[in-house]
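Okay, got some structures for you below.
Each of the next two complexes has chain A plus one other chain: chain B in the first, chain C in the second.
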Partner chain A sequence: MTSAHVEPVTAPPVAPPAGRPAPGRARVNPARRLIPYAYLSPTIVLMMVLMVVPIVMVVGYSFRDNVIVQENPVLVGFANYTKVLTDPDFLVALKNTAVFISVSTVAHLVLGLGFALMLNTQLLSGVTKAVFRIVYILPWLFTIAVIAVIWRLLLDPAGVVNYVLQTLGLVQEGVNWLGDPSTALWAVTFANVWSGYPFFMISLLAALQGISADLYEAAAVDGAGPLRRFLNVTLPQLRPVIISMAVLDLIWTSQQFALIWMMTGGGPLNTTEMLSTYTYKQAFSEYEFATASAAAVIVLLLTMVLAFFYVRQQQRER
Partner chain B sequence: MAGVKRRHTLAKAGVVTGLVLGGLFAALPVLWMLSTSFKGNGEVFANPPQLITEGFSFDAYREILGNGEQLRFFLNSYIVAGAVTLLTLLVAVLAGFAFSRFTFPFQRTINAVIVSVQAVPPITLVIPYFGLVVALGLYNTYPGLILTHMVFTLPYAIIMTTAYLNTLPKELDESVKVDGGTGWTALWRILVPVSVPGLIAVGVYTFMISWNEYLFALTLTRTNDMRTVPIGIQMLMGQHSYEWNQMMAMSILGSIPVLVLFLLFQRRFIGGLTAGAVKA
Partner chain C sequence: MTTRATRLKRLIGAVTVAATVAAVAACGSGDSGDTAADGTVTLEFAQWWGAELPAGDFDKIINDFTAQNPNIKIKLLSAPYASTKQQLVTGAASKTLPDVVGLDGAWVNDFAKQGAIADMSKLMTDASYDPSQLASQIQLDGKTYMIPVVNFVYPLFVNKDLLTKAGVADVPATRSEFLDAAKKISATGDNVKGWALPLDTAVPNGIQNDVMSWLWASGGSMLTDGKPNLTSPQVKSTVEYVKSLNDAGVIAPGSLTMKEQDKVEKFSNGQVGMMIDSLAHINLIKKNKPDLNFEVAALPAEDGYTGKRGIPYASWGIGISNSTKHKAEAFKFVSYLMSQETNAKLSTIANGFPGNKNAEPDFSDSDPLFKAAFDIYKQGYPANEFVGLPKAEDLMRSFDEQLQLVLTGKQSVDDALAKSQESWSSVIG
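Let's turn to the complex of A and B:
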């Protein structure tokens, strides 16, 4: 790792023949140390153009008065940030996003783990489990645009969900799930739960299959019942995967745009406005690119906190 | 012994019940979409709802497939997702080779940057992309979409490719070097051919991400002849004042490429995916 410090700059020019199994890679000649960077150069160029430069740009935008629209935008300091952070709509979006991502992530975890445990059972044949596995993955194979129109169809006041609930006597008349301010956030969250649990399920299933049978046998010898085996063997073994997946899911769900945009557009009365839809509207409906940029930078900072935990978790596992 | 057997049967009944309930939760919305696509638009909200109606027809599909504008959405999606997949695979193989077979300064830092790209919110990037893509003259073009989609496909592809290459023994490619070959020949002659199953998994996932991408496709294109399938579905929503049967037919047609890829490669795909997600 620290080969740069180990190797003297004036390395004797007796480069070992390419084939010799070099005892340490540090001893190859300096030019060869650039080889990995050559392989990485397309990645580095793309990451610069697609990530570093845009992030610098958006931070720059956020400190100016209206960029893109204005010919020569001037620096305005933190004015855009003040404007965004004191905008009641932004604060509502922040609160809605918090509810949306926390409920979604918990539900994804519970459903994903439940389904993974059922698919991992010894009680059923491999074919049965394979068929159910495909059925359970189904929601994940549809694009968010499709999921949005499916749930708009199902949740329509005259739709099949209301029909079933009316038949069971749970509601009196068709509820306008997406149009009613008291239900809209729960309706979009439900659709997001439906669409997102399979990814959890796949990862947890793989992790379950990786748990050594010896652990369960040892637990059985100690007289542990199914519940104790689950709590003392399964859950601790799944812990790293659960933590990684949960953090990733929080990040992904906080970025959800298409589902909200196509199901409610943030309405009714801002009840489903998310940070993503708020920012999008600022930029592409209001053409307030500077305030949109400030909001975008705030969103970035919030997710960076989550990403920090994710990267640390990943590196600890290595 | 009888008690054990009875408990076993009970457990099995419980699991089967759970599986079926879960299956209904997962599949009913999809079935309803399928059923609606075969209905006349007047029957969509019939009371009581019926899974299969007397008016069963392929009209909605005929309407979509007979419409040049809608077909163009599909063509655009194939062009964009196909190009994104090929380019992503090329770049990811090179990067994966570097990560898997070399030790170099800043390796962990570069890796951490790539991992954290997955967390950069698309909504943060779309505003500068809009400025950048317009400035580069790529607004409303294929290259504009292809390039920007790669910011999301590349990190995952690199992580998955690296994880896959790490599973291949180093002796495999080092034998080429013993014979006087370079890393470059070892990569293309030995590692890439051996990695085909892993690369398929990466390619399928990349294709899915690009095929489903919505925000950039919405923001970085303007004219209907540049729109992709997800935007096409949305446009159908406003345009024809809720032709639900056509929206569902379009949704089914728009989902077929991903469904087919998934069914063909599901074993490799799930294996590769979990290797990337969990052990990255």
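Let's turn to the complex of A and C:
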């Protein structure tokens, strides 16, 4: 068998048609190139004015000697950061915030998942599930101010919670939930959990309803019981949603201000002081805008770490 | 894509850009103190008073002014107290305060030091205004920065029914009588306590109204020559007295996070027998609990004290922005509010006491308790040493935190006062 030598065929150069530029080398009118930016410009301008400029200003303030209240503040480098990071009140606020957001997020997740599973079950009738759905979502419909007032009333030493506990014989006398340093942080965390779990519940319910029934059927054919189906089918399917929700919740909860401020004001004895209330007090009570800015930048950096994980998670999902 | 659709998109894009630029430009332009083509000046007046008065009453007073001064218009910026404070703090910082501002005495020092509010002494001289008619002026280095327009005093509120039930015949007039009455009221049961002490640190004015008021009622002072003197025997006696009330179990539980409104709520519901509170709340209590049998009295003084009793007060104060171009017009408006007739009218509808010495509030249509409180006010003297102090709210908060340590048994009174003294000294000097 002989082999034929085949000369490679070189295609003759093809000249672009007259009046039509080669692909990738299109000569576009410069004015036309600006059109996309013109469309983007409202967003860019708004982002600059509402986000970039304030952030840059706050960062700038944090490096100066008490800005705003002084006519000619001078650069002091990292002095404000040193002052904030060595302030015992800030460290207490940091610890409280860590406890508050971690407990809140875990509780939101557990409660939200539990209620979502209940609303997704085939064991309850449609009407029952509809009623439960309305009841469970109610906390989400209240504004933070209303939630703070409701829970202040409920947790009052002479309030409903103590009345119920006393009636059941669980406590001898009314517990001072918000006024007692040993219970205040748990009380505000509980109120935050109550107000925030419906968002998890709704999101996880939507995710649960998106899981293909085929997976459960296949697992059942393989002999998997309810627990194994939950561990090997449900949880892996919910994983991306759970991670995204948890990271978002950590970010949102770290910025919780109104609930704490209205329920305890950071007290008693700083036991519910959060980074948000600490920063507010620095600015609007002590008029120390530079240290308030430094504290705000520290919170921003901590939040950016969480945001980084959130974005990375989102990219992985794609 | 059709040419028509392309044109439409371009048009929408162009309009959006133009609208955004216009909006941004509008954000940067202030309309404070505008002068119209016909020479009419519009003054912005930021305050929380309008929100606390019966609907429309404050507008009538403003309309009377504009009718008398057709070349000046007043634009009211009314918001709740807390919002007003935040807006003014940021406005003072950015030199964009409205032309005329409602002020609390606790803010004056900080605003004046920033150069945000004007020296009104000069404006008074320029306008040939007679300051002797003013009941008080809030000054710093001899210059007036705030004029109290209406004053609200904080007498003792007593639930007469609870007092009778407890077997106490007379309203307590001394500290020991108060402790005794509080003990007896607390002993009546049903979770009723003798006194309410709001020590919430979010708004720590309980230190001013409910704690230092005991000191002032006995002629005491927390300052000496303008400097803090918290370790004095008088202040120590006051804190020890509050501690004794706490130790006796006569204070309503939850005081460490109790707010002023909780205190009023508990008194209205008959859960506490006595409280120190603003006269401004009389109408609120009467509205919510028309059957509550209560009266107002002077604050109890130390046993044996015979001098005049200081009675805490809060003011609706007024000041003028240092950056306004229309200081003369602004002062014209201030002098109108401080005039005998207008000030009497304003204090009557506000259920407060006038800032003009010659103004007499009309109590004919008011609850008799206002007349009683006015008599107490005239027998004593208005006392509020936090007015004019720098970072006044912060001073209250640091004292509050030390007092909370005392009440929870974590610190002695002496240590608390020493630490408060140190903390205050770093602010006041």
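Odds and ends about this structure:
By definition in this document, the second predicted complex is superposed on the first by the 280 of 318 C-alpha atoms of A that agree within 3 Å, B and C clash if a C-alpha of one lies under 4 Å from a C-alpha of the other, contacts with A are read in each partner's own complex, and residues count from 1 in each chain.
Here is the rule we use: a contact is a pair of C-beta atoms (placed from the backbone, for glycine too) under 8 Å apart; a residue touches a chain by one contact, two chains touch by 3 or more.
Keep in mind that what you see is a predicted model, and the values were worked out from it rather than measured.
Taking chain A as the reference chain, the count of touched residues is higher for B when chain B and chain C are set side by side.
Of the two partner chains placed by superposition, chain B and chain C are both touched by A:Ala158. When both complexes are overlaid on chain A, the residue A:Phe115 reaches chain B alone and has no touch with chain C. In the superposed pair of complexes, A:Ile144 makes contact with chain B only, with no contact to chain C. When the two complexes are overlaid on their common chain A, residue A:Ser285 makes contact with chain C while staying clear of chain B.
Of the two partner chains placed by the overlay, neither chain B nor chain C lies in contact with A:Phe78. Looking at the shared chain after the overlay, A:Ala184 reaches chain C, while chain B stays out of its contact range. Of the two partner chains, chain C is the only one that A:Gly265 touches; chain B does not reach it. Once the two complexes are overlaid on the shared chain, A:Ile35 sits against chain B and chain C alike.
Applying the stated touch rule to the two superposed structures, the overlap between the chain B and chain C interfaces on chain A comprises residues 35, 39, 42, 46, 49, 68, 156, 158, 261-262, 283-284, 289. Contacts from chain A toward chain B in the complex involve residues 1, 3-4, 18-19, 21, 25, 33, 35-37, 39-40, 42-44, 46-47, 49-51, 53-55, 57-58, 61, 67-68, 111, 114-115, 118-119, 121, 123-124, 132, 134-139, 141-146, 149-151, 153-154, 156, 158-160, 163, 194, 198-199, 202-203, 206-207, 241, 244-245, 248, 251, 254-255, 257-258, 261-262, 275-276, 279-280, 283-284, 289, 292-293, 296-297, 299-300, 303-304, 306-307, 310-311, 314-315, 317. Those residues of chain C that touch chain A in the shared complex are 9-10, 13-14, 16-17, 19-21, 24, 27, 85-86, 89, 93-94, 110, 113-115, 191, 199-203, 252-258, 262, 271, 391, 393-394, 397, 401, 404-405, 408, 410. Listed in rising order, the residues of chain B touching chain A in the complex are 8, 11-12, 15-16, 18-19, 22-23, 25-27, 29-30, 32-33, 36, 44-45, 47-49, 90-92, 94-95, 97-98, 102-105, 107-108, 110, 112-132, 147-148, 150-151, 154, 158, 174, 177-180, 182-183, 211-212, 214-215, 219, 229-231, 233-234, 237, 244, 247-248, 251, 254-255, 258-259, 262-263, 266, 270-271, 273-274, 277-280. Across the interface of their complex, chain C is touched by residues 35, 38-39, 41-42, 45-46, 49, 68-69, 71, 152, 156-158, 174, 176, 178-181, 184, 261-270, 281, 283-287, 289 of chain A.
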